[in-house]
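Each structure below appears as structure tokens.
Each of the two complexes below includes chain A, the first together with chain B, the second together with chain C.
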Partner chain A sequence: MLSTLRDLFRYNREFAIGASLVLVIVALSVASFFSPYPAIRSYVVPPDIPPSWAYPLGTNSRGQDVFWQLSAAMRNSLLFGISVAFISRIISLAVGLTSGYLGGFADRVLMSINDSFVVIPLFPILLLFFFLMRDHMSWPLLALAMASLGWPYDARLIRSIALSLRTREFTTQSVFSGMSTRKILVEEHLPYVLPIVFATTMNNINWSIGLEVTLSVIGFTNIETPTIGTMIYWANQHTAMVAGVWWWVLAPVATVVMTFIGLFLLAVSMNEYIDPRSRLARMGA
Partner chain B sequence: MRAYGIYILRRFGQFVLVVFIGINVAFLITHATPIDPVEQAIASATQFAYSEPQAVEILRQSLRELYGVEGTLWQQYVRFWTRLAVGDFGPSLSAFPAPVSALIGRALPWTIGLLTTSTLISWVLGNFLGGLAGYYRENRILKAIGIVATGLQPIPSYIMSLLVLIMFGFVWPILPISGGFQMNINTEFSFALVRSVVEHSILPVLSLVLITIGVWFIGMRSLVSNIVTEDYVLYAELAGVNRHRILTSYIMRNAMAPQLTGLTLSLGAIFNGAIITEFVFGYPGVGTLLVRAVGTGDYSLVLGITSVSIIAVATGVFIIDLVYPLIDPRVKLT
Partner chain C sequence: MDVALSVENLRAYYLMDYFGIKREVRAVDDISLVVNRNEVYGLAGESSCGKTTFLKAIAAATRPPLEVVGGSTRYSFLDRDIYALSPEELSEIRWKHLSYVTQGSMNILNPVRRVRHSFVDFAFRHLGLPRSEFFGAVEQHLRRLNLVPTVLNAYPHELSGGMRQRVTIALATICRPEFIIADEPTTALDVVVQKDVLAMIREAQQQIGSSMLFVTHDMAVHANITDRLGIMYAGHVVEEAPTAQIFHEPRHPYTEHLVASLPRIGDRTQRTALPGAPPSLADPPSGCRFHPRCPLAMDICREANPSLTVLSANHRVACYAVSPHVKPATVIPVTSDSTTESAGLVE
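And now, the complex of A and B:
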């Protein structure tokens, strides 16, 4: 395991860059536990100070240290992304494995529903959801709503693998030895799809953080909790760009772009590792 | 021709299913959430002043009627669909007494124009460059474009729009950054109006193109680099077919079918991106209208736009499905 990681780091440039970026992001998030100020308090430091030795990323117009603010925001955004990815993975695994294993009519029905969910524009639906919940909106609730809409893309991918597993001999043997369908799916097929699930998790985290940022910057989430999105929201509320407090906007934007590129590259290299054909193609074979 | 008919019928079935599921999700959200939109509207209307209890009761009655929340759940469900079928979403509260359908009708052409232009540019350009990059693998410029495309692909629409806005609004202010056309211009058809509309659309289109072009580029590149190893390509090369022809009609043509399917699958996501891009640039389309409607608490408008966008995206997918056989003739043969 460790040697695989080392080799990946040495020979796969995408993995090296992606892993480094993600490490920086994780370190930044962990740093939030050592923050000298509570993240939601304002006017703890003098406002609008440009980046300096005392305040490495400056301070904002609400009297918060941008570095510590960013650190707490990144942690919350990352946790949010991970929880959405985790919940939606469960749904996509259930749908994908069942659909691929059962095949036939059940498969067609499930995939038609799946494809409909892929096409339906989620953003208006999430806005409708926020519109109704408004003051009752909380992060766990939003995570649940997004997870129940964000599974179909990967369910299709998982199904395509499950479809090929169905005709393999070990599946037939499990059926003959009297294993229940649920047991075959969980104990026999699940391990085969886990690597690809892991790679799609990265993309799903990206997707959910992106949606979170989008919803937050227009103020349609619980804006009291610091996340990357709400940080940009408050900067916009104080017209930071016009007021010349550019570091307030630049810090979260740069960090979130780093996160996206890091996770994306990690997913790409992971895919390549799982599917050796693309590795061969890269080597020119 | 018969196969084409069956194909169209099946795609139409999928269209109906998308609309059905989408509208049901919208209905479910409006009715399964514990919050009553009527009480919410009353709360925000009576928030700052004392109101007579009778007046509140009258308000409650008319709002219940307006929002269609009278009667049993089944009656509400049926009314939800009949209203949708005739395109009547009631009057808008924030722009009273303008009907919601009129507001949407005014905004929809802007969104459709923006989406069609940017999607066409991004899809054609991304596929073309990606195809070249997959075929000429050692080309330095194409490799550099590949790195940029990889970096652009995961950036969400809001961040991209913000970056474009900062770039052309603050750093290098050469283009208008807000609105659909110049404010004080004569709205009769003229060259100046067209010019103004085009100028105002450049930045939103640019952001949308930058968001999506990486996806098409990378997808096409990997498809082409797989097809290049196929036997029929090798055979064509050995037979001395010229390289230009191999690339366009042997390789790219074959890679286009999955890319077109990819377009239908990501149309919903592209629409999501357009909403926020419109909002950032204050573009007078459906997205800006939707965000404003949520901000002002206009329930009928929010519900109307949600329903219309589900139908619009499903229609877009269906239109692409109609032209799909042009690229993949197998549909007509089988």
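And now, the complex of A and C:
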């Protein structure tokens, strides 16, 4: 495992850059646990101080240290992204694998549901969801809502692979040997689709963080919790760019761009590790 | 002699119904044969003559549109017809008593998992050993078949085709099944590996004392491994005899041409091809299905299908020209309304 990582670092530039970026982001998120101030408290430091040795990323107009604010925001955004990706992966795997393997009527029903979700416009639905839940809006609830909207593309992708897998000899033989449908899906087909699932997980984290930022910037989430999006929201509320407090906006934007690039590069290089065939090619190289 | 498998009047058709147009392909039509214990029975025939369909039918591994419409399939280890079993009972006897090496069987190993997992997935339930002893038994079995147990840790793509085929055969024989069905297990291999694999199959079969139904279109392979040989043509078995007898004195005109087409060392005469092509199984010719290509065709051949008739002790043939004793087969009644419709709608 460690030697694989070392090899990937050495021979795969995408992985090296992506992993470094993600590592920085994770370190930043973990740092939030050592924050000297609670993230939601304001006026704990003097406001509007530009970046300096005492405050590496400056302080904002609400009297918060931007570095510690950013640290907590990144942790929350990342956790949000991961939980959305995790839940939606489960849905898309379940739907994609069963639909592709069973075929026929089950396939038609599942795919018509799937396609309905594909054509649903996400953004208005999420806005509506916010207005409906206004007083009870919480991050786990939003994560659940987004997860239940973010699975259909990948379910279709997984189904297309499952369709081909069901006609392979090893599936026929599994059926012949008396394996149950559940076992065939989990033991035989799941390992086959995992590389694609890993790649789409990264993309899904990106997608959900992006959507979270979009919703938060215009104030349609629980703005009390610091996230990348709410940080930008508060900066806008205090007209940070007009007031010249540019570091308040630059910090979250730069960090989230770093996250996107890092995750994207990881998604690209992840296949190298997962697919035993390309792993072999790399060892030969 | 003990009978391991007896098939009687087995008929398996592909019944298709596309947008109201019904079509019936009689891929296995009225086949009866017996495989004895400890015997390797070979089935030969050209492509699309129903060999694989027959195997699927006797393994009860049919999926729509393929359906078994008549006949019986009885194994010695079962007290009733295989089609009388429930799905649970069926999956219970498979692998343990009946294993099936499918066509392209070197691909039955999951490409993204180690060979070890395939053994667990396919055989663990059927072997009924605790996990700690399972791999010991597997390794012992591999050693018996002269395979190194380290193949268990390999991915299928790390093995050569011949190696994968050998692993597959080890996998098929691990539970010491009474009956093995092998569908062209050597087709994708070159002759050197083929020889090794055949020796291995033979050895495995003799070690565990099972019976085997071996299908291939390669007559050289049949000469090598099978004890008795059935020749299939267009969904029928047209001749059946001990392998050596088929090669030395073929009686059916199709078999005669088949054997005459084989190259012999020192013989420089040009081999003549049989004119015509095998008939469409959706619309077979009347009477004997071989008559349009047969050099000996008589009037009766166009009218009624000859039955497989015993010529001598263990030689059966279905041809009027061979013996006056050959009688027409009983006419199989039309199964349903669909068939009458199909007659006019096929095309």
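FYI, the second predicted complex is superposed on the first by the 266 of 285 C-alpha atoms of A that agree within 3 Å, B and C clash if a C-alpha of one lies under 4 Å from a C-alpha of the other, contacts with A are read in each partner's own complex, and residues count from 1 in each chain.
FYI, a residue touches a chain if its C-beta (ideal position, glycine included) is under 8 Å from a C-beta of that chain, and two chains touch if they have at least 3 such contacts.
Bear in mind that the values here come from a model prediction, so they are computed numbers and not experimental data.
**Student:** Superposed on chain A, are chain B and chain C clashing or fitting side by side?
**Tutor:** fit
**Student:** Which holds for A:M179: it touches chain B only (first), chain C only (second), both, or neither?
**Tutor:** second
**Student:** With the two structures laid over each other on chain A, which partner does A:V24 touch: chain B (first), chain C (second), both, or neither?
**Tutor:** neither
**Student:** For A:R168 in the superposed arrangement: first (chain B), second (chain C), both or neither?
**Tutor:** Second partner only.
**Student:** Thinking of the overlay built on chain A, is A:V44 touched by chain B (first), by chain C (second), by both, or by neither?
**Tutor:** Touch partners of A:V44: none, neither chain B nor chain C.
**Student:** Check whether A:D115 is in contact with chain B, with chain C, with both or with neither, and answer first, second, both or neither.
**Tutor:** The first partner, chain B, only.
**Student:** Name the chain, either chain B or chain C, that contacts more residues of chain A.
**Tutor:** Greater contact footprint in residues on chain A: B.
**Student:** Check the residue A:H136 against both partner chains and state whether it touches chain B (first), chain C (second), both, or neither.
**Tutor:** first
**Student:** Taking the superposition as given, tell me the minimum C-alpha spacing from chain B to chain C, whole angstrom.
**Tutor:** 15
**Student:** Can you list the residues on chain B that touch chain A in the complex?
**Tutor:** Residues in contact with chain A: 14, 17-18, 20-22, 25-26, 29-30, 33-35, 37, 40, 150-151, 153-159, 162-163, 166, 170, 222, 225-226, 229, 264-265, 267-269, 271-272, 275-276, 279, 290-291, 294-295, 297, 299, 302-303, 305-306, 309-310, 313-314, 317.
**Student:** Which residues of chain A touch chain C in their complex?
**Tutor:** Its residues touching chain C are 168-170, 172-174, 176-179, 183, 187-188, 191-192, 194, 276-277, 280.
**Student:** Which of the residues in chain C end up touching chain A in this complex?
**Tutor:** Counting only chain C, the residues touching chain A are 59, 61, 90-92, 94-95, 100, 102, 104-105, 107-113, 117-118, 121-123, 125-126, 155, 157-158.
**Student:** Considering the complex alone, what residue numbers of chain A touch chain B?
**Tutor:** On the chain A side, the touching residues are 112-113, 115-125, 127-134, 136, 153, 206, 209-211, 213-214, 217-220, 232, 241, 249, 253, 256-257, 260-261, 263-265, 268, 278, 281.
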